Structures are given as structure tokens and as C-alpha cells.
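One chain, chain A, appears in both complexes that follow, with chain B as partner in the first and chain C in the second.
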Partner chain A sequence: MAKMKFNFHPPLAITLLILGFFVFVPMISAFEYSIRTPIEGGYGWNNYLWAIREEEFLYYILRSMWLAGITVIITLFVLVPTLTWIHLSNSKVRGLIDGLSLLPLVIPVVAFAVGAQISFPDFVQNTVLELPFLYFVLALPYAYRALDIGLNAIPLKTITEAARSSGANWLRTITTVIIPVIRGSVMATIALTFALSLGEFTLTVLLHWDTFPTWVTFVAQENILGAIAISMMSLIIPFLILTIITLFVPERSTQGRK
Partner chain B sequence: MTLKVIEEGAPTRGRAFLTSCIKNFLPAAPLLLIVGFFFLFPIARLIYVSFLSNENTFTIDNFVTATQEPYRTGFLNSIKIGLFSAAIAAFPGAIAAYFIETRGSSKLRRTIAVMSGVLANTGGIPLAFMFYAALGIQGQLTKILKFFGWDLYAGTFSLGSFMGLLVVYLYFQLPLMVIVFSPAIVSLRREWSEAARNLGASQLNYWIRIGIPLLFPSFIASFLLLFASGFSAYATANALTVGNLPLTPLQIGGLLDGNVSAAQLNLGKALGVVMILISACAVIPYLAIQRRSARWQK
Partner chain C sequence: MSSKSLTLSGISKRFGNVTALDNFNLEVGVGELVALLGPSGCGKTTALRVVAGLEHQDKGTVLVADKNISDVPAHKRNMGMVFQAYSLFPNLTVEENVAFGLQMRKVNKTVRLKKAHELLDMVGLDSQSKRFTHQLSGGQQQRVALARALAFEPEILLLDEPLSALDAQVRVNLREEIRRLQLSLGTTTLFVTHDQEEAMSISDRVGVMNEGVLEQIDTPDALYNKPASAFVAGFVGTMNRIPAQIADGMVEIFGSKVVALKRGNESGHVLALIRPESISVVANSAAPNAKVLTRSFMGASSNIVCQTTDGTIIQSLMTSASTGDLHPGSSVQLHVLSSEVLVANA
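== the complex of A and B ==
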């Protein structure tokens, strides 16, 4: 690999230094607490080991992961075909759907939670599967925009016509042609939907569901250092997932049009 | 002949209308159904129920109570924390976004983008822990500051107070500013600054006449979005305060959980509707400005 060229820019360096200070001082302070071992004195990984050995740890982390996974699947299944169609047909509903997709930004999550609690029939409220649909709504403004930018940047009509006249049906066109072409946007959509679902707290707790983020609140009451260790993990895990996703996407496609 | 056209034209047009309806809406049906059922329906119901009394008759009493104490203070505090946290984060965030986008390497920009995405979503207990560890009574930074002669806790400061919450909110507001303001900076074209320089403009001239006027609407828009984010934040306030600071999201949460009881069953819904209205006052101008600047940000 070519060696990265490093240009030193004083204003950039100062900016990064100040931001870094603000971001990392609280993080490192919490990390220092999380590796304390009050009984033996000194430092160790005891709190992390304690957390991982807890029975609920794996249960809740897997639960949050699969809920986030379903949210991602719903997002892609619904948005990619719909947006492709909107871009191709230039239909009159475009304005309506553009507006609708931004509407969740207007509604504070707390108000949305109250509305959700008083309106869904029991069969919806009794299943945890309501959460992915609600997470989908929360992530919609961001997911929609990410995919919209991706589709705007490619000659969609030409590509689709080429695929269609080569004999591909619509399903095949979308899965094997359009999605790979806009993979940068698709990956960005996956990353942000996944991260948002994984960390969602307000809606989940107000609708009385338990996921990884709400479980941390519960643990904090019995083992504070263990809870800090879990909190650190809850920051690091999405960060790693997002980094992996973004670094594996070729740069050109993540930049959109330029 | 005209008669024939009319006779045959009308039904054709009717059918055309039907097919165009199907063509226009059917492919969007899954999205419209999900958004309709899981989003528009709850919001519509929230608004409807907020006008119901305990006996399910129409009333505006819920809204009258929502504007009285202690809910009035709750709204004022929430608006204040939204405004202050946005005002403090907006300018440094914009400057940071500028240097990162214009001077940073592409690797750095992508790393910052990922980090901002994660940090802007932090909140609740993890964020509270980080700040207890740094700025709590036994916090590392508190000790360092004390060593240099600044005792943070000499006055009335605590992380659960208004000032404390404000500092903590900056932790997600700053990255959010970097996220929402960066696109505006990316779309400032180098040609414009070169053209200005060729015409004899100084750096200062360029900024006063071109750069700032172009970026200003996006700056205001970002500020409005930050306000909405600070105004409606729930998880962090819930983790840090212990009922000492009235904030509307917490009051709604309390009513929803049944921890707090009110004479009016639907008071929480009315508070929610007022929150939506206040938030809409910020987000709708934000969206309008974004749409307008999208014209040249291509």
C-alpha cells in the first residue's frame, strides 16, 4: 500500500486537538473507571468479564442485533424499489413521498412514543416486532436521503433499460444491477439504520420493551462499574461496525456525485 | 362527431384516471402503508386524543393545563436548553466542519463522519457515565481543574442542573453540527474562491461577499435542527436529572409511565402535541432552507 501523505495544517490540527479533547476526555475517564478493580485494587478487566458472563448480556445484545437487522431489511426492501420507481417514473407522488419521508424529523420521539402507545391494537403492541417498524420510521429521513443521493448520482434510466432489455426481470434488475451500482449509498443506509436501531432508547423504554440500551439502566442499579463497562462496549461496538462498513466501501461511491 | 368524442372520450379518460392512479400509487404502497400505520396514524390519534376529556368529550382543558405550572416551566427549560446548546455548538461545529472538509485527507474525513455519526447518537446512561467520570464530583477533569485552582463544585454546579445538562448536551450537539453543516461546505466550489481572487478580492472580501452569504442559510438551518434535537432529547436528561429540573420530555415520560398522576388522563398527549408544534417551528424552516440551498449545492 502506498504510504499515506501527511500534510500538516495548523488550523486543522488545532481543531482536531480541541474536538479530540472534548470527545476523548469523558470517554477515557469512563474507561478508567471501567477497568478499576476496587476489591483487589489497581486495574484489570474484571468488570468486562463480569458483564460478559452475565446471562442477560448475550441475550440482550443478540436481541438488539436482530431487531436492528430486521429494521435494516425492512428499510432496504421498502425503500430501494420504491425510490427506484420514483426516480424512473418521475411520478407526481414524488413530492408527497419526499415530504412524508422527512416528517419524522418534525416529531419528537417522546411524542411519537405516546402516540404509538395509545393507537396500536394489542396484537401489535404485544410483539417486539413492532419495534423494527418504529425504528424504520425514525431512520426514514436519513435512509431515504442516503438512497436518494445514490440514485441521483447514477444514470438510472440507462442502466435499468440495459438490464431490462438483456432480459432481467425487475427483481433481478434491482438486486443484481441497481443495488451493486449504488452500494455506497446502500452501505451508508445499512450503517446508519443499524446504528440508530442498536442505540435507540427513548421509544423502547417508553413502550416498555427491553433491549441492550435499556438493560444497561437496569444493571447500573446493581453493579455500577459493570454498567460502565457495558456502556463502553455499547459505544465501541457500533463504532467498530460502522468503521468496518464504511472502510470496506470503495471511496468513490461513498462520496456521491462530485 | 363532437358528441361521439364526448361519448367515447369520457369513459376512456375515466379509465385512464384509474390506471394513472394505480400507476402513481401502487409501487409506493408498501412505504405508504408502513408510514401510514406506524407513523401518521399514531400522530393523528395523539392529536385527536389530546382534545378529549376524561369522559371522552371534546375539551381544550388539557392544553390549558399544559400551559400552566409546572408544565410551563418545563417548556421554558426545554426551549432554553435547546436554544443554548444549539447556540454554543453551532459556531465551533461549523468551523470544525470547515477545516475538516477543506483541509482533511479523505481518510480523515471518513473517520470523522463515522465518529460523528456514533457520537451524535450517544445519549442516556452511557453518556451520563462518561460525564460523571470526567466532570462528576469524583471526576478526573474535576480533580485536574481543582488542582489548577478551579473548584467546579464550589457553587451550585452539578451535572443534573441546567448548566450541567448543557455541557453534556454539547457532546452530541457538536458532532451533529459537523454532520449537518458539512454538505454545505463540500458544495462551496473552489472555482468560486479562485474566480473571486482573480477579480482581485482579498480572502476577507471573498468571505464577506461570497462565502458567508452562501453558507449563512445552511448555518441557520443547522442551528434550527440542533435546537430541535436539544429540545426533545429525553434519554440523557432522564439519566442525569433526578426530578430537580422540569423538562417537557421528562414530564411526558413521567405521565406515560404512570409515575406521575394528573387529574387529566390526556394531559401527556396535549404536552406531546405542543412539543410537536414547537419542534415543527424549527424543523420546517430547516427543511425549507435545505431544499432551497439544494438548488446550488449540486
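== the complex of A and C ==
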């Protein structure tokens, strides 16, 4: 790790100030609130201990995590080959697909959920596996852009052709060359998709599924402090998981330092 | 030796309205190095990419030895390719890059790394094997790319302007290294370039292309001395274009009559194509027909640029010893040294 020296930069200070005010202050306040013990007075871990003892806590957090995991797999499986193709073909559909990928941002989730309920056949609506596919659509604008930036930053055509003329078929070109070269983008896509899926509430509730976020709101009705404790943990646990993933995927030098 | 011969017959390829290759034919013998030379957009790169399987021809067949590979996908063609742009995999070390082709062929790690080191040793980069590619200079990167293309013992080596992104000195060194490796491994090689010096200096034969058609393919000497068309004559080496009139199969140049060599149906007013070394400049003549504009001293030889009385600019290449008394502004007499000249339609 390079030694970093911090200098004072006004634009950076302003960014940190705004970020601090709107993100860190509410988070710290929520944390402070969650460790209050109103009956005994003062602070303690009672609410966290209560939350962990709730037998449904583990069930719902695991359920949300595997749904998020499947969403990540669907996202990579669909988007990496598609975007590679779009970039290589240089086709006019690129602008169209770029635009389409933004649609989930402008369509209200409520409309989306109702539409899904009306149009999807029963066998789809009867399985919780409909959620990862819908989460994929919700995460599409972010995942698409993260991968798009990565693919734009590399000489995709040349290294793809080099891989193919060296004997790699398309699958191996994508898995052994393209994904490792845009590793940073792929990690960002995984993080964004995972976080978005894990926290998705509106769509899940409208389609009558129970996941971790919907369970937390249910719990909040009887124990608001416990619900906040649960939410704090739900922030920290995925954060730890993502940190571990990032640390354990072997670091390889991909950036040209001139 | 795994090297094979290459035959392209009747290859046509269009991109929209542009005809890149028009009934293109080419044969490259086992172990031969053939260069395709031509201006940009002449179809030379398309021809190479069709051989590699990176483009699919609209018509025609590609044969390696006697096997038709026209519809074989690129990754099954067993052809090593070096690209113009740096094409190394940035996530792999130098040795992993070179071993990549063997890895794709499921060769075990010990064997493929051994082979990679052999090749890196051949291009003089074995000491850099653990480094990442961005830590290498441009010339070193192209050497690694060459090693990578040769490591899996390809049937054909394809070079797509591999030197054009490099500095002049590195370019000369690397082209000689390519030739040395190619000769020692005996790999059949197709080399695409727009640089005639590059093509002429290392190739067994050079094919000059224009507008999707092979104008002439021959040894560098033959191309230079016996160009088959005015285009080839103009593209390979420097050529003076002197207006003249054909009469009875002869043209009059600087007052002397020489035989006109026609490649088509040239007649009447034509351009005589004459190499600079076939024109001599004589000072202190009784009947001057030109003035010296510049004299560039280049060591053993000097380049004299003159202007004739009718305004034509003429270049002459002479030994420096014989040009001592030629100065800008001197009145001189030009002579044609050859007894026959190629003519083209004006």
C-alpha cells in the first residue's frame, strides 16, 4: 500500500461535509439510538442481543443473501457477454440498448410490480426465484454502466482477437481474459447488484414475498429499537462480506502505470 | 516442423458498399515469408484477417496445406498472430502471456512454462518473464506478442503491421529479429505492412495490392526492377514521372530516344517512369536543360533535385563523388542512363 499524504482540498472537504451530513450523521444517530436501553437508562447491547436471539433473524438474512447472490449471477451471466458483443459489434443498437438500460430508473417500482402480478404466469409467481430476475432489472442501470465503463477502458477488440487467435473459444475468452482484465468493473457490478438486491423492499412487499427488509419492518411494529439494531447489522454484515470478497479475490496488476 | 503452405483462391469480401477484396488469389509456400504491401484501404489487412478467421469471406476458399479451412472458427485455426496495437493480456505476466496459447490447448503448466521460457529466450526477454506487460517498452511488448504467437507452434504466422507503432530504430531491429526467428523456425509467414522498406527488406516475396486486387507478387528485386504496372512502379521505390510523347514505340527523354515499355495500351502523350539512379546530372554542359534546386548529401550517395526548363521536378541519385560541382542554381544537363523506360498514361 502506498503511503498516502492528506492535504486539505476545498472541493473534497465540501463533498465530505455533504456526505457526512446526509449519510454519516443519520447513521451514527441511528446507531446511538439502537444502543439505548430505555428501561435501565444509559447504553447497552440489549437490542442487538434481542435481535440475534430472534430465530427468524438468521433465516431472513440468509434468504435475502442467497436471493442477492442469484441476482449477481444472473446479472454477470447476462450482461458480460451482451455488453462484450455490443462493444465488439459497434452496431447501431448500442445507443438503443444504452437507453433501454436506463428504463428501470424511470418506471415506478409500483407500476413494475403491478404489471408483473398481472402478466406473469402462476408458475413464475409461485416461486421466490422470480425475485432475482426482477432485482436484476432494478439493478440493470447501475450494473450496465459499471461494466460499460470497464469495457470502454480496455482495447477490447484487440485482446479479444488475440485470445481467439491463440486458441480461446468465446467462453474462455470471456472467462480467462475479459473478466480478469475488467476485474474492477466486475467487482463494482457485484457490489452494486448485491447491495441493491439485499435492500429491496417495495417490489418484494408488493409481490407478497418476505425477505430481510420486509421482516425488519414487521419487527419494527413491536420493537423499534430492535428493528434499528437489526438494520444496523444488515448494513454491517453485507459490508463485511463484500470487503472479504474484495480482499480474497487475488489482486492482479491490470492498470498501466507509466 | 508444423509449418504448412497457405492458399487463398477467389476471395471476395465487401463491407457495405466498399469492396475490400475482389477475387483475391495468393499462394504462400512452406517456410516462406510473403509480405502484402499497399496503401491504406487496399485490402491487405482484410486478407490477413480472412486467413486468421477474424473476418469471413463472402466468396472463395482458404487452404492450409490441402485442407479447406474456409469455415473453421478463428480459435481452431492454429495460426499465430501479432497485431499492430499492443495486444498483450494486461492481467497476465509476460510468461503467462506467452504460455496462453498452450494453456488453451490444455498443455500442462510445467511444459507450457518451459516452452514460454524457450521463446522468451529467443526474443531476448527471458529476464522479464515475471513482469507485467505494462512494465515493458513498446518494442519489448511486441517481442512478447511475437513469442506468444509462436509458442504453440502455429501452422502459419500472421503479422498485422506489427512494427508501425514503434520508434524507427526499434522498428529496424525488430524486423530483422522477426526475419531471423522466422528463418530459424521455418514458419510460413504472411506479413502485412504499408512500409515498402519493411516489406522489401525481410520478405522472400512481396505482393503489392491496390483496391482489393493483387497487382503483382514477386521477389523484391523483380518488383523494383520489373514492375508489372505503373501503380507498382510508383509505389515501390521512388520514381520520376516525366511527360513524354510515344512515337514508333520510342519516347524522347532529355533529347535522347529510348524504348517505351508498355504495360497497357499507352499511346500519345504519356508519363515516362524513371528511377532516380537512372538519371545522371552533368554540370558545365554546353546544352543545359535543367537547373539544380537542392543537393542532399547522404554519405556514399547524394540526392539531386532539379527542375527542367518545362518545369518538371526530377530526382537523381548519384555517387557523392560525382556531384561535387553541383550547387543549387547551377545549370546542368540531364541524361537517361537506361535504354528502355516504363510508360504510363498521363
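Rule of thumb we're sticking to: the second predicted complex is superposed on the first by the 213 of 258 C-alpha atoms of A that agree within 3 Å, B and C clash if a C-alpha of one lies under 4 Å from a C-alpha of the other, contacts with A are read in each partner's own complex, and residues count from 1 in each chain.
Everything below uses one rule, namely that a contact is a pair of C-beta atoms (placed from the backbone, for glycine too) under 8 Å apart; a residue touches a chain by one contact, two chains touch by 3 or more.
Note that this is a predicted model, so its numbers are computed, not measured.
Touch criterion met: A:Arg164 reaches chain C, while chain B stays clear of it. Touching more residues of chain A than its counterpart among chain B and chain C is B. Legend: residue contacts after superposition of the two complexes on their common chain; A:Ile52 is shown touching neither chain B nor chain C. Within the superposed three-chain model, A:Thr243 lies in touch with chain B and out of touch with chain C [touch as defined at top]. Touch criterion met: A:Pro180 reaches chain C, while chain B stays clear of it. In the superposition on chain A, A:Arg172 makes contact with chain C only, while chain B stays out of contact range.
Judged by the touch definition given at the top, the superposed model places A:Ile154 against chain C, while chain B stays out of reach.
Once both structures are placed on chain A, chain A residues 254 are touched by chain B and, in the other complex, by chain C. Of all residues in chain C, only 52-54, 73-81, 83, 85-91, 100-101, 103-105, 132, 134, 145, 148-149, 152, 158 touch chain A in the complex they form. Of all the residues in chain A, the ones that touch chain C in their complex are 154-155, 158-159, 161-169, 172, 176-177, 180-181, 183, 252-258.
Across the complex, chain A meets chain B through its residues 4-7, 9, 11-12, 15-16, 18-19, 22-23, 25-30, 32-33, 74, 77-79, 81-82, 85-86, 89, 91-93, 97, 100-120, 130, 133-134, 136-137, 140, 191-192, 195-196, 199, 201-202, 205-206, 213, 216-217, 220, 227-228, 231-232, 234-235, 238-239, 242-243, 246-247, 251, 254.
Chain B makes touch with chain A in their complex at residues 23-25, 27-28, 30-32, 34-35, 38-39, 41-43, 45-46, 49, 92, 95-96, 99-100, 103-107, 110-111, 113-115, 117-119, 121-126, 129-135, 139-141, 170-171, 174, 225, 228, 231-232, 234-235, 239, 248-249, 252-253, 256-257, 268-269, 272-273, 275-276, 279-280, 283-284, 286-287.
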